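Naming follows writing order (A, B, C, D, E and F), and every chain is counted from residue 1.
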């Protein structure tokens, strides 16, 4: 947030640099079952983001000291490919990915019936192959699809979505330029059935009004995204060809 | 990945007790839902550092030290100083902390404090340039936990802004002019809430943290702007709860900011 | 040091079955001994990278991305660019891969691919100098495994050369002239063989790898030169077997190279 | 040791740059019970040093392979806060702190009745909040107070004290400038009851005479320091307020 | 491979820069039993290479999760001393030594009757004290001697040997300059009794003819090297003095 | 933090036996209390290094190599060379050493050797400046343990000074003048003592180390100055014992220094 742009992010017609309306999502495509070796997997292409998620488990948690006798431990690992960003990223976890892995793990735990699988781990791997802002919400959207694909019992399929503020305007689903030069970003993860909020972060500078407008926008969009999730799951089980 | 702030199994009876108190509108240490524990701030505790603050939030104790040194700017911001934030969950401060590299808890904590300060533009980074593109001031915010008794987010955030607000840039020692106060222009304050059963309380203590289902930190500044939020733990919030928490954080943050500014100015006089 | 490509105990019956098929000159997926699995190459899959190729070799799937950035040359080769090769055996791609620093398997894999490209002089490193002794182009070859179903050596090697051959040097972005295609002058292709009982098969799949006693990778280029070899696993080869494998790799490599060049050119048209 | 000073460390009256006599200690203040979560703790302010020590244990030693079936394992960890020194110190152990942790662990082990607590660890954490020369001896002084506060049975309360040589003069308890520009430093830890020596290091350049003079000085001062330890323990158990 | 030399590696008489014929080995000396604490050990001086290998085991494999219930695990560790090369090498494993440790471990496993020692490890440590090209083949030659010295049952004593190409000529046993400026290197490890190939790597640029000529050369030389191995073992068991 | 030099449980009978011998004034290998084991020093063992010494102290064997390379001086000592000291307790040399980063034992050992050399000003660091503030010689002392049979402190210390005293600064190779001998001006020698029951013996062997209660190393130079001391292990010394040990170390150090200087000069002739 907060670098200064020497160009306008919202034009005179109220349109964004990629031509979208403030409350419009970027193009979004999902596919389920893309990693054969995994118990479940999904691919999400969202704007310029290309993200793949895979689930292994429930399996015996290892190392043993992480086992919880009362529930499964969900370990999400958010990872960016070295070539996913403009300047090559050194492989391995950095502080940002450690934090994102933590909040995503917590959010996913809120919907899985973890108490049914004591002493196990459910490992959720999220690989960002190309990054274009909003990778964490795209990642959690893919991860929950992968959990569904793996047949993990859940009380809802989580949807990730972000909103924010650019050039003083509250907008949905920031792209890379908006993320770099905008004024605020509010990534969320929502349980579409109940509207509960499982992940919520924010950074920037917003009034209470702006912030709640942004959250309203993201919550609305979550329904739309959820429909695409359901469609992707149905497609797999209709046995369609995949072209990923 | 497995160290936990919450300290394992709290006797079920304690959970029941805390919930029962909550139904009656009170808490295990007698506070109301929006009451923060007593705050004591000692700035200048480490004279050798460029700024420092020892913060006591109830029994939670955090020492924040600021070091300011010359360094190279980032290539994409040649006209700005640099700020870096680090938390040490030293094992001295809790039986559950272990020696070793920063855990995910320490990293999250440091990053949430960092975002509050960075996004509120608390420090005017443009005033920290020594030679554009070549040399700028690097501000190191190091938070050392001395006793962990719940709610490190707020203790660290309070300590960080108090230490920054009283820090001096050591220009003289580095032969680049006269010392000057670190240009702090905003006062972000994080307030953290814990969801316990149906209730949401501010500034959770250790017992409350250990049974909380969800956590929400909201950092607001003196202009009533929201600068950072972070939800944690395995539970969820309703949207309505979130909105109420944000409003409460604006109110409580204001009171806490007054305590901080009072203590800082007390120090200066 | 202990993660293994081979996936533990394969039922003895599978071993017997694969051996029986081999006696009949065929394989568990119906291939002949020298048949490689279907190859599908999608170059340009990651537009943000300077070059990229998604390779499917049967069910094995590898994404190779090329980043090209300015950097300092090595002191002993001031007039040459730099190339560096890295494999991420991300745990997403197999139940046997674990998070963490590169295992010995990942390091061996990266180094074998690297040797094929380096020793064949696939990239003309002398054309990657920006300012002699000061600034050269650094070519990062990063191989990200997306599904591990046997024979990563060949999938990675194919992906690397396909990604390189379609990469552009981003001179404009760095203000040092116009973009130009990465100067790729040779097309090394690794072919890997597995010894199963008395038989040696090309491009082993996961089941075959799990019961192989020895492995041999031979990288050859379009001039029929051998550029790299790597033997692996706990078994041995006779000298006669080695010589035959080298000959077979020349033949098979030629066919695979045609597929690669076809796909690359297809992309370009 | 051994950097050259362009100023005198001992003036014409035989006084040191902070006005002390050669055999005089810096101001020294101790307090017990400052870390609520610990089993025992102590704070020592000694010249410009601010050091806090805390003890956890005896508790089951972890990881298991460090357990000794015959005794408790004492693990001291000397650690400097990033802001404790003039130039920021990178967090985490460096070679110096690893060595100091080792010799402090060994010294503390010499007084604790470790054989009474087989398979346990007694973890002693020493945090240097501000450093001003002599941190290891101040640290061990705090650590033994913390052990006493934790009720760990010991045959004596160890005292740390250093002496050395500056400008050719043998002096007690070097301060930072004396440590930087002086000629020798001799950190010691002493059992005040028996005079046994539990920690002894030395670096610099000294004759046998100078060295034994320095050790004499430190051993003498140990008695004085020990009295302050005893006073601090008594104060806590009188229930005094603390102002740390 | 492949740096350009501004001097000739093969002179007009077909001799190499150290005066050798193309198919001639460098001077080679071996000694067994040089590390008293080990179960077996050997020292190899080969050209300018000075390499020592030692074997510990079979012993209970640790950590436990590496144990194989059906066989011993052979763990070779190839390590270069910091001072073994012209430019000081940082201590600790780098990518090259990790790869070499792997291929050497695999090669040694091919001759040891590992199934006789389930759940154990046989640890083989190879220390390169001075490096002069061909360290991996000298190392494996020393390692198999050390295994023999340790009395580990093996179906053969492995021999390491390399050949390659310099100035267009196929040559045996490259030295450092030939390795730096030559065109190809083919390190091999051979079972002298059966001629089986246990280690085989190659890098460079060679025709099929050149490559097989090089391999022929290395296989021939292996016999000569093997005789030295046998001699070294016999010398030890005759109780000769050693002068290492 | 747990690797130990002492090798676990020595049969109680061995302890009894060593103590009984001590009462009679002798030791398990027949030495008197102040006798060091036979010392053999081979300097120049690694011609590729700038200096080297293979030291045998009884069965303990240490190879010390010196590398000297140009580098940047530390900002606070622009007019001095740099020295760095490192010990590798490679697992080759003992069944109790494990691969991995330096243990606390290795670090202590390196630092004690370092202090002896540094504090005695053995190397004249002011003669190691190439260009003040810009470029100085960096002296790397690397100690590689080849067989651990007790008392590494003395073996390493002896090897370090022998290797340094025979080292050459490779100025020519780096194009900064002619090679010259490393300016070594003092000869610090560490002597280590072990307390066994009531007795204190010099140069403990492996058996003695395994039952020692306390250890004291004293490094003295040719002028009779004391330059470094280090007490180790879980026992204590009386002040009287310490004073006697220092005196004994001066005597024994003198004899050992004569052996070192004899071997070095022997080498040079």
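Simple rule for what comes next: a residue touches a chain if its C-beta (ideal position, glycine included) is under 8 Å from a C-beta of that chain, and two chains touch if they have at least 3 such contacts.
From a predicted model like this one, the values you see are computed outputs, not experimental measurements.
Under the touch definition stated at the top, subunit A and subunit F share no contacting partner at all. Listed by label, the chains that touch subunit B and also subunit F are D. Placing every chain at the mean of its C-alpha atoms, the farthest one from subunit A is found to be F.
With centres set at the average Cα position, the gap from subunit E to subunit F is 31 Å. Averaged C-alpha coordinates give centres for subunit A and subunit B that are 27 Å from one another. Shared contact sites, meaning residues of subunit E that touch two or more other chains, are absent. In subunit F, the residues that touch at least two other chains are 102. Shown here, the protein chains touch around one cycle, each chain meeting exactly two partners.
Read around the ring of contacts, with subunit A first and subunit B next, the chains fall in the order A, B, D, F, E, C. By the touch criterion stated above, subunit C contacts subunit E in their complex at residues 1-2, 76-77, 102, 104-105, 107-108, 110-111, 115, 118-121, 216, 224-239, 242-243, 246-247, 250.
Contacts from subunit D toward subunit B in the complex involve residues 35-38, 41, 48, 50, 52-54, 56, 59, 77, 79, 81-88, 91-92, 123, 125-127, 129-132. Only residues 45-49, 52, 59, 61, 63, 65-67, 69, 86, 88, 90-95, 99, 101-102, 140, 142, 144, 146-149 of subunit F touch subunit E when the two sit together in their complex. By the touch criterion given at the top, residues 1-3, 65-66, 75, 95-96, 98-99, 101-103, 106, 109-110, 184, 186, 191, 194-208, 211-212, 215, 219 of subunit E touch subunit C in their complex.
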